């Protein structure tokens, strides 16, 4: 039982006993089976308002039993069933009268207590096995277990807790920290498929004739474009790399022809056998 | 893999623990900020130990919880720090704490088993709150009629209560004794 | 007003700056955590100065900004800390892939030419994304009215697809044959 609840009960007991000064005729506490209950339960008297609070403060019949046992300073293992049952019943009766909705668990426990009591009263049969279990054993075990859980819950509550006892620290990052963008992955297959889709669609819509060109030529076209300038003439031979061999020279030559055809490149030659120069731009513009 | 000197390693680890919104494990350090560096286990452990010591006299502490390392304010300062927040930290009912404790100590456990020990029904609200806070999760179903859900606690629960593992739970020993005693007592079952 | 010694004041101010999600001004310190203490301006200034100095060699720094003091990570650590914030970009759209494919297979090509083949406008966003990823670049301008940019693929593009040169790009026809062959080859599945 937490300190809070203990305080509520103690407060209730104190005000209760004051309220119960024998100066005036005591009002009936409750009506049980039509009879006025004037006498307070043996261990304490709780005013009706406080009872509800207390009732809510018990976490069930085991909690109430534990409270009664502790209050009388009994040892759980010796569980004096007769006394505990009597006190428990008084509580339950009062609860039942004052609070309409008494959890069924309380009544179930009352039945269990009554059963244990009756078994204890019965004389032990002579042919009973030696190791016959004490009828209280199961209840004692449950009470011990529940007491442990209750303690564990209190311990858990006392554990340093985020938000209440400790606060997590989070420091801002310097503004130069930029989130790292993970770019989507693309497979070569996707790329080829996309090209094939685009071309098929183009063919279907426009009856485009798509010329086949060696990719190496187109790549070389890009390369040449990035090398030559619009303002300055570049000697043609600078666009060939001897180390590439014949095939490479042919690719470069085809790329240059293609660029001239597409009017991206201008070729000029000052006279027969003179050096050929190229620059960006189209003939039309230059004329 | 690049080399990194100890001073730089310490600064990088320190800054990472500070800017992260969750506890950071050694594994996560290695997978993120330390990915390109060659760092021995010993070097990393040494740096973490040093950081724990460095902050011992300060207003915040470096602690290890279930999912990694985290900086947190000194608990003795909480009475003053709490004025920084409009809302006070939630208080949890005994029913909630007892249910949580049972799940923590007896996991995996069904709702029926919790009710048996507590002697009262467990409200659905409690299970909902515990699940929503990500303190408790369903880890399976018991193979009995109705296949009731089996509950267990999460890493978030341990982190929240500043625990590294379940074995650090208070009164864990008492629980084990109790369970052992029961097993001895009930050999027939 | 209670007294507070300097060590405690320093711890409390430090913890407050750490747990706050916004910069904290001296006024706010006085109105919240220090409300019940008697603290001189000098004492508060001294403590803040000391904290700034304490953190100078560390992975985070205490800095004063417009609205108060705050801790922030050391700027030189930014390149590594960036890894902690990863954003996964969404998958590329079909329009994006087709544009990239056309640039790869038909380079150098203008945006107008891509639009002609695809039959729809190419959004500036697509060109921007491809350029930012450094897969595509402008290699020149076509000498026609408007001088449109000519796009080509980059070395980064080739590296990404593990190609030594564009000539290694499979031709669409060959690729389709391969796909067909696979379908014929695996009739059972």
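Going in written order, the chains are labelled A, B and C, and every chain counts its residues from 1.
To be clear about the criterion, contacts are C-beta pairs under 8 Å (C-beta built on N, C-alpha and C of every residue); 3 or more make two chains touch, one makes a residue touch a chain.
Which chain is which protein? Per UniProt: A = Segregation and condensation protein A; B, C = SMC-Scp complex subunit ScpB.
All values reported here derive from a predicted model rather than from experimental measurement.
Participant: Pick the chain whose C-alpha centre of mass, unweighted, sits closest to the average of all protein C-alpha coordinates shown.
Facilitator: Smallest offset from the overall C-alpha mean is found for A.
Participant: Which chain has its C-alpha centroid at the greatest distance from the C-alpha centroid of chain C?
Facilitator: Looking at centroid distances, B is the chain farthest away.
Participant: Round to the nearest whole Å and give the separation of the Cα centres of chain B and chain C.
Facilitator: The answer is 32 Å.
Participant: How big is the gap, in whole Å, between where the Cα atoms of chain A centre and where those of chain C centre?
Facilitator: Result: the chain centres lie 27 Å from each other.
Participant: I'd like the Å distance between the centres of chain A and chain B, where a centre is the mean of that chain's Cα atoms.
Facilitator: So the centre of chain A lies 13 Å away from the centre of chain B.
Participant: Would you mind listing the residues of chain C that make contact with two or more other chains?
Facilitator: Expected reply: 15, 18-19, 60, 71, 73-74, 77, 81, 83.
Participant: Which chain A residues touch at least two other chains?
Facilitator: Those would be 167-173, 177.
Participant: In the complex, go through chain A and note every residue touching chain B.
Facilitator: 2, 59-63, 103, 105, 109, 141-142, 144-146, 148-173, 177
Participant: Please give the residue numbers of chain C that touch chain A in the complex, ascending.
Facilitator: 15, 18-19, 21, 60, 70-75, 77-78, 81-83, 85-92, 94, 97-98, 100-102, 104-108, 116-119, 133, 139-144, 150, 152-153, 160-161, 163, 165-167, 169-172, 175-176
Participant: For chain A, which residues are in contact with chain C within the complex?
Facilitator: 167-174, 176-184, 186, 188-199, 201-202, 205-206, 208, 214-216, 218-219, 221-222, 225-226, 262-264, 280-282, 285
Participant: For chain C, which residues count as touching chain B in their complex?
Facilitator: 10-16, 18-20, 32-33, 35, 58-60, 71, 73-74, 77, 80-81, 83-84
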